[in-house]
Structure formats: C-alpha cells, structure tokens
C-alpha cells in the first residue's frame, strides 16, 4: 500500500520533503500540494504528478490524501495540525509545532480528545544513527545514571534575518528535543549566558550564546550555540554518567594527509549532516501511517515542551541571564505521563 | 513510474534484496519471483504480493517484469543474464557475473552485440560513501598520481564451507573491483603470499593471505585477506599518491569512555558495514532503469575483469606464490576501451 | 654548573621531585633535605647523598643550597617562600603558593620589594606539550579572538579526605592557572553549579561540580570537575575562537582492535598524564636558575591570582551558586601589569 | 656518580648527542671530543668544557672517559667500537654498527671474547613510548600470535645524495630492528618490489619501494619506504595477531577546526618524531653505564642482524625483486641464542 501524502507548503523545506517522499522513501507518494503562493504549488506539484489544491483545509479533506505534511510558514502550523486532527488524519508537522506554547497546548488537548496520537513533529535528530547509538549505550546502563551533558551547535554563518532569540527558537530547539529523548528526562530550568560576541556577525546579533539547562533528575546541560563559527556545521554532544561517558560521533570522513596536515572535511550544512536522519524520519513516519500505528517520532507533547523550554531560554536571554523555571503542565497519560 | 522487478533466486541475499526493493528503494516494486525451491519462492513472493513464476526464462519473459535481478546460485548467473540480454531487459546480477571468465566473456559479447549496456554487476562498494569520498579526493588531483594502495579485508569468522580459493573469489573480489574503479586503472598481475596461519580457523583453510597486485600504471597494491580475525568486520583502504594519501573512513561510531578505555564498536558483518551502500546501489540502478539510461554501476566488463583477476590470484595461491599475469582481452569501446 | 637544590618537605610529592631532580633533570643535584618528620628526611636524603638539615630556615641559609624547592604541607609554604626571598634565593613552590590570598599577597609584595622575580609556582600544565601547541595555535591568530573555553578535569576516584571545596582549591586550580596563561586574559568572576551527585563517592562530597568563569575580555569558560568518574584521569580543553577551535590532544596511545572494539587506554593518574610536563617544568626552572635569569614559569602573581579565583569559586559553591566577582589587586608592573 | 662520556665525531648527529648528554640526560657529562675535523671538535668541546683529543684511540684510552659514543662517519665505526671493546669500555655506536656484515661479526666476536656486553647500537625506536606500548600489548597475549605487520616509513623529501640502496640501509633499517624486537622473532627473507616512481624525486632514485619480509615464525611484513612523500615524516606500524591488532599511535597533536577542515599537524622530521625516544635511549644507556650493568638496548648482535638483512634487501632490489634469504650465523648464547 502506498501512503498518499498531501503537502502544505512548497517552499524550500517543503520541496525537499516532496523530493524525499517521492525519490527516497519507499511506499509514499505525494498526491496533493498547496501553498499560499499558487504558482509555486503548481510547479512543485507538476514535478511529481500531484494535484494542486487551493487551501490546507481542502488538502486535508481530500479523499486522495491519507496523511498530511505541514511545511508552511510557522504561524500557520497550528491551524493545519488542528484541522488534520479534526479530520482524523495523521499529520507530520515541521518544527515548530506552533509558534506559541498556548497553541501547542491546544493541539495536545485536541489530540487527547481525539483519543489517539496523530501528530509527529519534525525533530529529525532522534533518527540520526549517532544519537541512536548514544541512546543504546545509555540505555544499556553501562555508564550509570547520566549527570552532565556538554553540547555544541555550530553553523558556519547565518543570514541577517537571523535574530538573537532564534538561537533558542530555531537552533537550540533541536538539542532541547533530542536531550529530553536521550535522557528520558524533563528540562526544568533554562539560563542563557553571553560570551564576548564574535566580530564576524551582523551587528544586531548576540552570538555566541551558552545555554544551561537543568533536568528533573538534576542533570546539568551546557550548550554552546554559535551560528557564525565560520568553519562549518558542527554538532557535538557528550553525556557524562557515573561510570563513563559517550560521545556523538562526527560523520565518517576520509582522512587526507597532505601538505603537513592530517585532516578530514567538516560538514558545511545541516542537509549534509542530517540528510540520512531526515530520510530515516520520513521512512519511519510513512511506515507508521501505512501500518495504522501511532507515530513513533516526537509527539505533540514534545512539540509543546520544546516551545515552553525555548520560551524560558528566550526570557533568560532577554533578562540578561536569569535562571528561568520551565512551567510545563502535567504530562497526560497518553504521552507517557502521570496526568489523566 | 514504478520499476517492476523480477527476482531470480529467493535465498538469503535474494530475500534481502526483495526487502530492499520493497521497503527501502522508492520507485521499485517486486512483481515476480522464481527459485529452484518452489515453496521458498512462494513464501518470498507472497510477502510482497508478487507472482511466483516457474523459471528464470518465464520471469524474464513476463510482461509484468521491466527489469531482472539475478540472485540465484552462482553457476546459474550466466544463463539468466544472457536470457535477459536476449530479451532486451536491464539485469542486475549479484556477483559473480559468472563463475568462469569464459562465461563472463560470452555475456560481454552478447551485450556488445545488443548495442547498449543492460547489465549491472553487484559490486556495492562503488556506492559506499567513504569510497566515493576517496575517489573525489583522488580525482581532484591534490594527491598527484597514485603510487601504492594498502588494503585489508577482515571478517570475524567464516564457516567450514569457506575454502582457501574463496579468499580471492568471494572476498578479495570486492577490493579488486573497487580498486580498478578508484584508480581508473587495470590490474595486470596478481600474487598471493601466505603468512603463518591463524590457529583459529578450520584446518583446511589458508588464512590469512596477502595479495599483491600491480596495475598498468605501475601502482602496487597489498591486500590483507583475513577472514577469521575474530574481532569484527573491518575494511581498510589507503591510497598513497605523490603528494599525500587518503584513507577510507571507519564507520562513524559513538565513542565511549569507561573502565580505563576509550573505545568504539567495530562493525560485526558486511550488512552492518555496507547496508547503506546496498541501498544506494539499488537506488541508482532503479533510477537508471526508470529513466531508460544505461546503468551507472559496474558493467559486464567489470564482472569479466574481476573473474580474470581472481583466477590469476587463485593460480598464484595454488602455485605457492608465483606472480601470475592477468590476461584480459582488449577492452571494447562500449566499455570505455580502445578495442572495436 | 650544577644547580644545588635544597628540598623542604620529603613526602610523596617531595620524594618524586627529588627523584626527578636527581635522575631526570640534567644540571641539578639535591644537596639538602628537611622535613618535619626527621627520619623521613633522612631516608630521602640518604638515597641521593644530600645533607639533612633541621629546618627550612637552616636549609635556605645553607651555603650548599643555590635554590629552594618547597614541597611541604600547604600552610607552611608562605613562610618558606618568604624566607627564601629574604635570602635572595630562587624558590620553586609547589601549589598552592600559600593557603590564603593574603599570604600570597605578602609574597608578591616581598618579591616586588626584592626587585626581581625569584618565585616559580608549581603549575606544571604550562609545560605540557599539548597546551603549548594550543597556545601556539591561538597566538598565530588563525582562530581569531577566543570566545569560549570548554574544559573537563576528571579523576578516577578521590579518597575520603577530599572535600567539596577541594574541587576548586586542589583540582580546578590547575585549569584556572593554565587558562589565564593560554588566553593571556584575567578571570573576573566565578560560579559553581552542582549537577546531580554521582552515587559513587563518599557521602559528604559534592561531585561533580561545574564551574563557570568569565574573563576580562568576555570569554566564557565552563569547566567540569568530576573526581570520581571511575574510568580514568582525563583532561579536556577546547578553545573556541571567532574562526575555529583548537583542542587539547589526548595522550598518544596504541590503538587496539579486539573483541568487537577499537580502543585506546585512558591514563589512570596525573603522574602518567603530566609526567613529561613535570620533567619539562623542572628542566626549565633549573635552566633559569643556572643562567641567573628570572624564572619563566608561573609567578607569585599567578599564585596569588589562583588563590583569589579559587576563593571566589569556593564562595560560589557555599552560597548555592551565586556569581562571585574576583577581586584582584591591580597587577604590578613587574608581573606584566599596569600598576606601579 | 656522573658518567663521563667521550664523543667520537662532532658532526650534526654528534653535536645533537653532546647537547642531549649535557642538557637533557641527568648523570652524564661529555668530557672529551674528537673529530677528523679538528676545529669542529674544538668548537663542540668548548661549548661543554670538554677536552679535545687528537684521535678516537686517544679518546678511548683517556682516564677521563668512562664510556664512548661513536657518532663518526659510518666506515670508521667498526674500528672505534673494536678499540672500545679492547679497552673494556662501554660504547654506544650510532647506526650502523659497521658498514659490512663481516665487520659487524668481528665486533660480535670481540665482544663475545671479552665475556660481557659492552656495545649498544643506536636504534632509538625501541625507546619510543608508542612502540613500547605495542610491545606490552603483544606481550600480554591478548592478541594471540602475531601473523602480519603492515608498516610505512615516509620522509617529506631526501637530498640528491640519497641513493636507492639507502632505502634499505638508512631508512628501512629502523623498521628491521624494531620489528625483530617487537615480534621477538628473526627475519629470514627479504624482497623489494618497486611501484611506479614518484615524479617528485631526483632522477636516479627508486622511490617508493615496498619491502616484504618473512620471519622464522612465518610472520609476513610489508613495509612501504617512501622518502619523498612531501607531506611530512610519518611512521606507521600495525601488528595483526590471531585475535586482534595493535597500531603505533601518531604523536599527540592539537586538533584544529577551521576553514572547513578538522586537522592535526604531521611531524616534519625524525627529530620532532623521535626526540623523546633519543632522550630515553641515552637516559637508559647512561643509567646502565652508571650501574655497571650490561646495556639494555640493541646489541652488537642486533647490529649484525640488521646489516645482514639490509644486505638481503639491497640484493633483492638490485636483482629486480627476487626473494633473498637472510643468512645469519647461529646466534651466540650471550645474545640470547642457542649457539655456544
């Protein structure tokens, strides 16, 4: 059975996912596309033989659409996801789930009312082979309880449109999600401290930033966010436990010795670094839809938690570095929590 | 358009490829299966909704089959491939292309007579990301002309059925193919020397073996074949050029520090090590069939060359270590050679 | 000319330095030893043919002593160093220079009054080849201005006598010194945050701790102190600059592949990790004494700064994690500062 | 007690050893120097306050000389070493022990007649920390019996005076010695095969070369000698045993990430790579002389074996690649052998 996917949003990321669902993932087909920019939708649809539909609502309601992929502008996410839940259709929503924690919570409530999970949020790192190996090692118990995590998230450069709060909202949000999953623990406070700024940035930007998180179990996380590091796209993660540590591997790269140096290439962007993770993410999502199972990836609750935690980080940054408590609602039972 | 693949041979490797074409590769479907063991074919076919056909000839002739995958017993390869060429259908043949150089040559001749390439041979390493990066580095010219290659191919263990000549025929054949491609050069002689045997092997087996090759350009290759190395499946390759060297990367693996050691896991078998390469290989083949292009992977000529070179290595082993010249026919123009 | 060294304190560290000066360092000889434990002094002295003297004062005054090494109990350091300065003799003082910042300052004042530097403090990391390479890279300017430093200092275990404040005073003090030197910058605030405690420690101990420092130039440092990490003695340091980063190398270690793992041994203690640095430290000190030059290693001012900064860290720990400003006096000109 | 060393030969290597014995090694002093170039001897001697003596014979006979270091022109080694043995004085001889196997054997015979070992040959690799760790791992038995060794010895460039036979005599001789020691085994045959020549060499030179050795126990060694590799001085060694392998570590080097690459510096010459090994070598030799013990380093027998094996390699090169048997005399009991 082929999963027929309707795609809302045919911008850069939407187009990349259309390509992925068409050329890379077995068992999926894109059957409908919509975008606020009609010609863009038409062009993307024609390339894969999909129908162009006038709105997200139409697309979600189409009998040719088994499952929905939301890759539109962030502020529109909540509406599309809520509509998909109302229609009882599985929906994959690119991050963020919604642009406010309140909207995320509305989605959580709607999904809970629906009675089973329909939503998967696009945090692809949980599907990265390196993080999965780390989780296996941690789960084995060989390292004892985790105590600390040291992370870095570096981009070569960012455009002028990237603002200081996006360090939390767009960049750190990936670590926030993957750490919650890796540690099977909840983040309870956030703090942002600001080193000397790099001179190689747009004037308005606070870069780098160091974020400190504490979890319910007392694990301390330090996370360097440095989005103009110049040299490449570099993701580091090290979890230190009572009896040892485990480190995220760098991507395999051919070693070259020449001109006095031994060296390897560093990835230059997230597509290169996490391309395989995106593939695996959509493969898993397609398989869950095809089998009728609940999605195995990040849930609406995870999307909500990420929103609340990034809010706390933003508030800390804006306050000049206060420790800000993360005020999550009780986790409902359907998301693995104790709340009704 | 979905490429409809007929699979000849539903043993372990055939089943793995059926799974791959069905679950992993987009744009392919297995529509027919045959096997000398009828129930085995039926079981494999039923899992993916394919027809069971009584013979390779029937399968190749079926109008429901666009392209043929040969994964049967080695001695039957030549017949199936020749039949596919006669039918004008693209055919992917697991290695070996045929069990004798003479049969390989018959396939080359048939394909040449047909007028365009239809055959791809299953040497998957050319699709491994690490080897591809090596080729990019070599092609860049940064290292000058290649002069030497140091390789190792190690398996944890082999079963009792593995014989001394299989070190060349089944094991080294992968390096033979990938080196010819990596260097864009031809192997002209082979020699096998035999170190002290490991005690951890079946009595009849000559293990390890060291193979020495020379290419037309004078590059010297040393290749350790050690199929009972105990510790894992480990593939090493280093090309030394006039101005530097490039090394095949080890697979990315999470670093763990515990109990006095920093360590990473070594892959345990070829499925783990080259799973991604197999995926990429079938993705490329499917795309070439879908587009009507000639296959981009190893050709019938490459299959023939591998057969002649492994024959030379076997003769060297059996002679006690003589240098044996590789007697290839002139390479036809359709395979990039100068011969008519 | 052989430098005749008098050693005050013949405990474990004193004996190790006696061995070093006698067997490893060219151009030095231990001619006198004193210790509050007379028989211990006698035994250490007899092994190298040195005289046993009744007190530090006698030893410092001895005409057979060109230079003094203080390796006694910490609280006695200040007195011996001040006596050596009064006698105009070069003095190497194991860390700490003194147990209070006030005493350190008395030494600084005395040395300043004397008119030239006589004191070297035993922070050996400045002589470690890895840190020196880092400093070379930073000094080259290739990485731009430093912005952040990520460090870890891990010991396998500590004895019950190790208390929570020693994390700063005995352990972090090494990073504090080496970072001031590496960055050529001053630490202006310290903060200590406390992760979940490891269960593998004595009950009274706060372990691990994370220390955060800020420098005058705005560089932010995070330093993990984990003295019961179980797996070994592990020192990590990474400086991130505007255009790249540099990492302290792990010690060279033979790679071993066996039983499914590729691994290297992690050092088990500081003697193994920094043995070469200790040798280089004493070689440099001996050479400076022999040549009549001022010592090139850490100065009395560095010892004072380390004391003030560790005091700030201790206060932060005791306050439950406040940011504590480091209140250093103006740096006198003779120590490279602007103050008179 | 200070060991008083007389140095024969004050060229580059002799001067470096004088510096080492004076500034680096504790317990040694250079008391006499001789050189066929008188002013050169005078200059070297004056720097360390040593006497200048007119000849090696005078130096060996001087009552101010406890032990002799031979660092003169290779053809003069045998005479000086024989004279030192005749005088009953410990003698350290830079490699080669003598320029012919026959002369080496005369030294062996003389030493045997003298009744105890006096000679140490300057193969410093046995004192390199990396090789020593490899030997420890092999000696532990964890890897089972060794079966194969893969080595490479690369220099950035060599001057025009370096000839093709020096690949064996001057370069491979270090691997020949260290492998015999590492494996505790004897080399019984040598073969040299010649890859395509690098274009970056003087016209007369055969570079690179690949040397193949077989040991008495059947271990097979392949050794790449490439003395114009351009990129640095690079020594590789991997021993493969029945249950795993061990690799010589690269020197610890600070990792730098910048401009799209992660890289480390490769050493540029043997002084940088083996400086610590030279120090350790002379420290051990000095200690053995001081204690009156036999030297623990490479013996006259090892120097003789190296000469015979390099002769075999040279003969193989000159024959166009024949396998040449190594014809060693029976090893006398005083060198650990069975012969009387």
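The first chain written gets the first letter, and so on, giving A, B, C and D; residue counts start at 1 in each chain.
Going forward, a contact is a pair of C-beta atoms (placed from the backbone, for glycine too) under 8 Å apart; a residue touches a chain by one contact, two chains touch by 3 or more.
All values reported here derive from a predicted model rather than from experimental measurement.
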item: Chain pair among A-D, C-D or A-C whose interface repeats that of B-D, sharing over half of the contact pairs by residue number; value: A-C
item: Farthest chain (mean CA position) relative to chain A; value: D
item: Length of the line joining the C-alpha centres of chain A and chain B, rounded to whole Å; value: 38
item: Between chain B and chain C, centroid-to-centroid distance (C-alpha), Å; value: 58
item: Centroid distance [mean C-alpha coordinates] between chain C and chain A, Å; value: 44
item: Overlap residues in chain A, where contacts from two or more other chains coincide; value: 230-231, 243-245, 250, 253, 257-259, 264-265
item: Contacting residues of chain B [partner chain D, same complex]; value: 144-145, 147-148, 150, 152, 193-200, 208, 210, 212, 217-220, 222, 224, 226, 229-231, 240, 242-245
item: Chain D to chain C touching residues, read off their complex; value: 22-28, 129-130, 133-134, 137, 142-143, 243-259, 264-265, 276, 283, 287
item: Residue numbers on chain D that touch chain A, as the complex places them; value: 230-232, 234, 250, 253, 257-266, 268
